[in-house]
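These are the structures, in structure tokens.
Two complexes, one shared chain (subunit A), two partners (subunit B, subunit C).
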Partner chain A sequence: MSQPIIEARDLSLSFSRRQVLDGLSSAFQKGEWAVIAGRNGAGKSTLLRLLAGVLLPDAGAVERSLEAPMAKIGFISDRLSLFEDWTIARAVSFHCRVFAITEFDDSLVRRLGIGTKSRIRSLSAGERAILHLSLVLAQKPTLLLVDEVLHMLDPYIRDLFVEALIEAIAVRETAVLTINHTFSEIERLPDRVLVMEQGRFSVDETPEALRGLMKKVVSRESLPEGVPCFFRKTEGEYKEYFIYPFHEELRTKHALDFQDIALPEIIKAFIGGGYEQKRMA
Partner chain B sequence: MNLTIDAKSPLPVYQQVIQAIKLEVLSGGLRDGDPLPSIRDLAKLLKLNPNTVAKAYYALEQEGFSEGRSGSGSRVKAPPGRQDALRRAMLESEWRSFLEKAVSLGFSLEDIKLLAEGIKK
Partner chain C sequence: MNRKEWREVGRQSLYFILALAAMALLMMGIDLLMSVMGFAQAKPLEGEKLIIILGAWLLMFSMFLGLSPFAMDSKQKGMEYLLTLPVSRRRLLLIKLLPRLAAAVIFYLAFALLYSLIGNDAFSGGFAFFSLAYFALFFISFSLSVVHENFIVQSLWAGIALSGYLALSLYVVGLGFSWKFRMPGSWVVSRSWQDLTYDVPTLLAAIAVFLLLAAPFVASIFIAFKKFDLKPARAFNRRQLLIFVPLLLLAFFASLGFTYFVQTSSNYWESDLFILKNHKLLKSDFPGKLTLYERTGRRSVDLKGRILWERLLLEQGEKLYVSGLDLEDGSRIIGCLNQNDFSWRILHRISKSSHIANGHLGIRYDGAQFVYLLSQLDQSARPENDGKPSAEPMAMQLVRVDPASGRNAIFGFQVPLGGRNNEPWLMGSDERNGRRFWLVALRGHNVLRIWDDGRNEELDLSEGIPVYAGGLLFTRRGGSMIVNRLLDAGSERIHEMVGGYTMGNPYFFSQGNSQMTEIYALRDERIVRIDLATMSVDDVGPERGFLHMVPPGDFYFVEYESWPPKKSDKWKKLYRLKDGRMSLLKKFDFNEVGYGHLLVNANGVKLVHSQWKDGKVAKATMRLYAFPDLRELRFKGLD
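Take a look at the complex of A and B:
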């Protein structure tokens, strides 16, 4: 594997008494699309802000490769902070001056029919996201950090947004890290899926590997000994058991119907299991 | 061009891309010597990760189904003789999954033979 574009080493961070990150480590490669999932408050947004360099850890370090200086890292968040009173034209020219950008591609903004004289205040959530994306893409980023933006976009804008990310990977081998709650729209896209729990990554797998590692059993009976159950949900008389880590040997040992499940449901089970662990702790 | 990917299918996406391109060749949508869509265009059309499309293109090249640099100027290589072999291979793989399903429903090979003869009439 080549040198990572960015690496998190043993990151720890607390806000007052709450430990948000607890020795988290991971590395991300050029041209890779990684999706970070986890329950609310698991520390996903905090991690992205640390990687973006807008927050510093209590311990550990973020190592950026020479190809990913701060000016080449694009950070898009659902808490977008833009100057509300400015016109789009002013925001664009300001951004271009700060990042020494000579070429601004306004095709995405134009496709939404937004005039450059409109004030930022008057934009919808989706229009803001597209403007922010256009600004960030003009930096020709080597790393894009996208903090849960897709869920608030209408289907057309969501397509534009996703296509722009695809283009960045195809053309510049940009590394893309996204935080997602809704998985159905992007389930075919990531190279890697990471789940955060207790301030670290509890899962880091390819989507194919994850589909192999988690299966579902629906039954009225309780599970036999030796079948690892990560999360259980009760639906009336029936129980849904999420089996993790699954291995093929289980099929020969137990006469259970181990069902394949799609990525969105796998993520839901990991998050549900996360809440259970939190309750037990 | 009519390439579709099924998100619900258990088949890995890159294999679905390979299948879709092969089907396109068999249905005449892509002919011997035609350029393949660029990785970037196909990724955007199908909303796929460019790495997935690249992996599929690499596999197609390895199988001798395309030639030239992947991405830019990759061309379909499918002489007519090859297409017959492909058609047969695809039928066989469909047939295998049909057989597996039939056997899991408790049918014997004899039942299936009778069924096939019934359809022929």
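Take a look at the complex of A and C:
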């Protein structure tokens, strides 16, 4: 494995008395698309902010490779933070000057038909997301950190956004870390899926491995002993059991219908399981 | 990034100038409206008034500049974006600081220029203090710029921090001084900033203290800001406070040490010289040392106490009576040094809680005993009424101290309350029918006569400074000089002289020498002689200086080269006034050694040379000349 572009080592962070990250460690490679999922308040956005440098850890460290200096890290937060009183032209000019950008590609912005004299506060969330993406892509980033913004976008802008990310990975081998709750649009794209729970990654797998590790059983009966159920959902008379971690021996031991499930449903199960664990705790 | 900050500061500065211009216009409009409506006379916006308003606005603006670095970013929801920029935290802070500091300096310089042009000393010598408060407020506000998100709360904290900072700085300057010299720190702290500029070591110490104590504010934000992030402000506050407190303690002890090493007592009357009879000299040194210089040599006595000498009260035979402050307990003493055996004893002690009217200058010798006025009332508790009469009378005591035994007698009486700058003073003493009396005056009130049997009575009202001479009381009323003869009870008016006479001052004290035949006064810029027998007034010469009355009844006139006097003057002339004639005694040249002040007493003349540099007294030296020939006194070992 090559040198990671960024690495989180034993990151811990708390806000007041609430521990948000608790010894979290992980590394991300060049050209890798990793999707981070988890229930609300699991610490996903906090992690991205730590990697972007807008938050600093109480303990642990964020190690950036030489290929990922601050100028080469693009961060789009869910707040879409920019100076709101500025016009687009001023924001672009400022961004280019500070990041020493010589060439700014405004095609994405132009495709939305936004005038450069428009003030940022007058833009819709989708338009701001595209502007923000254009700005960070102009940095020719080696690492792109994108918080949960896809759900704010209409299908047309969402496609534009995703296409731009794909292009960045293809052309520059940019490592992309996104936070997503809805996977339908990007189901086939990520190389890694990470699920956060209680300030750490509880799952860190490729999508293929994850599909193999989680199966669903729909039954009126309870599950027999020895079948690892991560999360259970009741639909009328039937119960849906999400089996994790699944292994092929279970098929031979138990006469159950272990169904393959799609990534969005797997993520949902992990999130639902997270809430259940929290309730139990 | 730099451009953004310069632009932001430029816009804020422009708003400030516009607001100021609008306010000036508004004030002019109000003035105009008032005059049109007949409420008041139309007055232009005077320079002094404008400067005061501008000064107040500038203080607010410096606070705003200091607090504003992140206010706009936060308001525009750009803080998160700001922290993703490829700029280190410290550089970011520096980028924020520099344009604001530049604006603060430019506005300050412009204000200083305006102040010198049209200010007319609007801050009454407090410009140094204003300057300090201005920059201190800027840096303190800057250090608090990320403490809290709420601008009003930040402003309140900045105000509190500034007050604390100024109080602590003044306290440290005083504490360092009192620590070194075992003197009350209030000696330094109570001195105005105007005075401080004359005292280079204390000024140096003050500057160092103010800088050292300001450093923790700036240093703590720069250190804490290294870990600035988007966590709630409370976390940053805690971190900054943890850095600030030890730095402040360090700065406190460093500044205390600095004041200890830098300050000197040289400007606190460390030493003084008093001319004695027979061409002798008494030198007083702080603390508690007296040295007698004679032709045959010198002798010293060190009293081992923290005594700050004030005045030579009396030379009587071999005995020298001096007053001083005992800094161990704050009391004032009258002591006696015997020139024969050089023995010393304290005759009389006045406790710190008692207030002597006019301080050590209020202690008189009435021809037989020392006498002074005392109030038990704390000076600070007295109401300020600018010298206007008050209905509330104040109980006072006249204390008389026997120089031989130190025994004292006390006479109680009451005076109307005066302002702090208008205390009752003893203006004379005399005897009538074998009974002694003393005259007490308070400007704008009746002159009181206090008898040695405890009686007291009101004599004539005086609107100006009254004078007692040759058994006559001169009072002023309605632009005339009224001459009263004192009777067994009360007084009778014997003469009225029309015209603006100026004679005497609150320190003019007459021992009631009935042999006195004349007094001298100023009238219409001329010196005039008043014959006490006939009340005839004779012109003596032009007023080009000051009159000096030396008890028991000698008059001198000091003529200045320029009138009004200038610092560039090169000489002064001393004349004796007698029988309406001015006799030149000596011309004092001080061209080579700085500006000279002449102080005349019964035994000679003290010439104090002040050398000026950058508007301050850089060095002061004394020369002494003894009567009758005014030969300069020089002694071996006395430079």
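Odds and ends about this structure:
Assume the second predicted complex is superposed on the first by the 281 of 281 C-alpha atoms of A that agree within 3 Å, B and C clash if a C-alpha of one lies under 4 Å from a C-alpha of the other, contacts with A are read in each partner's own complex, and residues count from 1 in each chain.
Rule of thumb we're sticking to: a contact is a pair of C-beta atoms (placed from the backbone, for glycine too) under 8 Å apart; a residue touches a chain by one contact, two chains touch by 3 or more.
Just so we're clear, the structure is a prediction, and the values are computed from it rather than from any experiment.
With subunit A as the common reference for superposition, the partners subunit B and subunit C occupy compatible, non-clashing space.
The three-chain arrangement built by superposing both structures on chain A places subunit B and subunit C 160° apart around the Cα centre of subunit A, to the nearest 10.
Judged by the touch definition given at the top, the superposed model places A:K117 against neither subunit B nor subunit C.
In the superposition on chain A, no contact is made by A:R279 with either subunit B or subunit C. By the touch criterion defined above, A:A71 lies against subunit C but remains apart from subunit B after alignment on the C-alpha atoms of chain A. Touch criterion not met for A:R220: it reaches neither subunit B nor subunit C.
Of the two partner chains, subunit C is the only one touched by A:S16; subunit B is not.
By the touch criterion defined above, A:E167 lies against subunit B but remains apart from subunit C after alignment on the C-alpha atoms of chain A. Shared-chain residue A:P190: touches subunit B; no touch with subunit C.
Shortest separation of subunit B and subunit C in the overlay equals 27 Å (C-alpha atoms, whole Å).
Within the complex formed with subunit C, the subunit A residues making contact are 15-16, 49, 52-56, 69-71, 73, 75, 77, 79, 81-86, 94, 97-99. Put simply, subunit C touches subunit A in their complex at residues 1, 3-4, 73, 76-81, 83-87, 227, 229-232, 234. Subunit A contributes residues 31-33, 159, 162-163, 166-167, 169-171, 184, 187-191, 208, 211, 260, 262 to its touches with subunit B in the complex. Residue ranges of subunit B in contact with subunit A, taken from their complex: 5, 7-8, 10, 12-13, 39-40, 43-44, 47-52.
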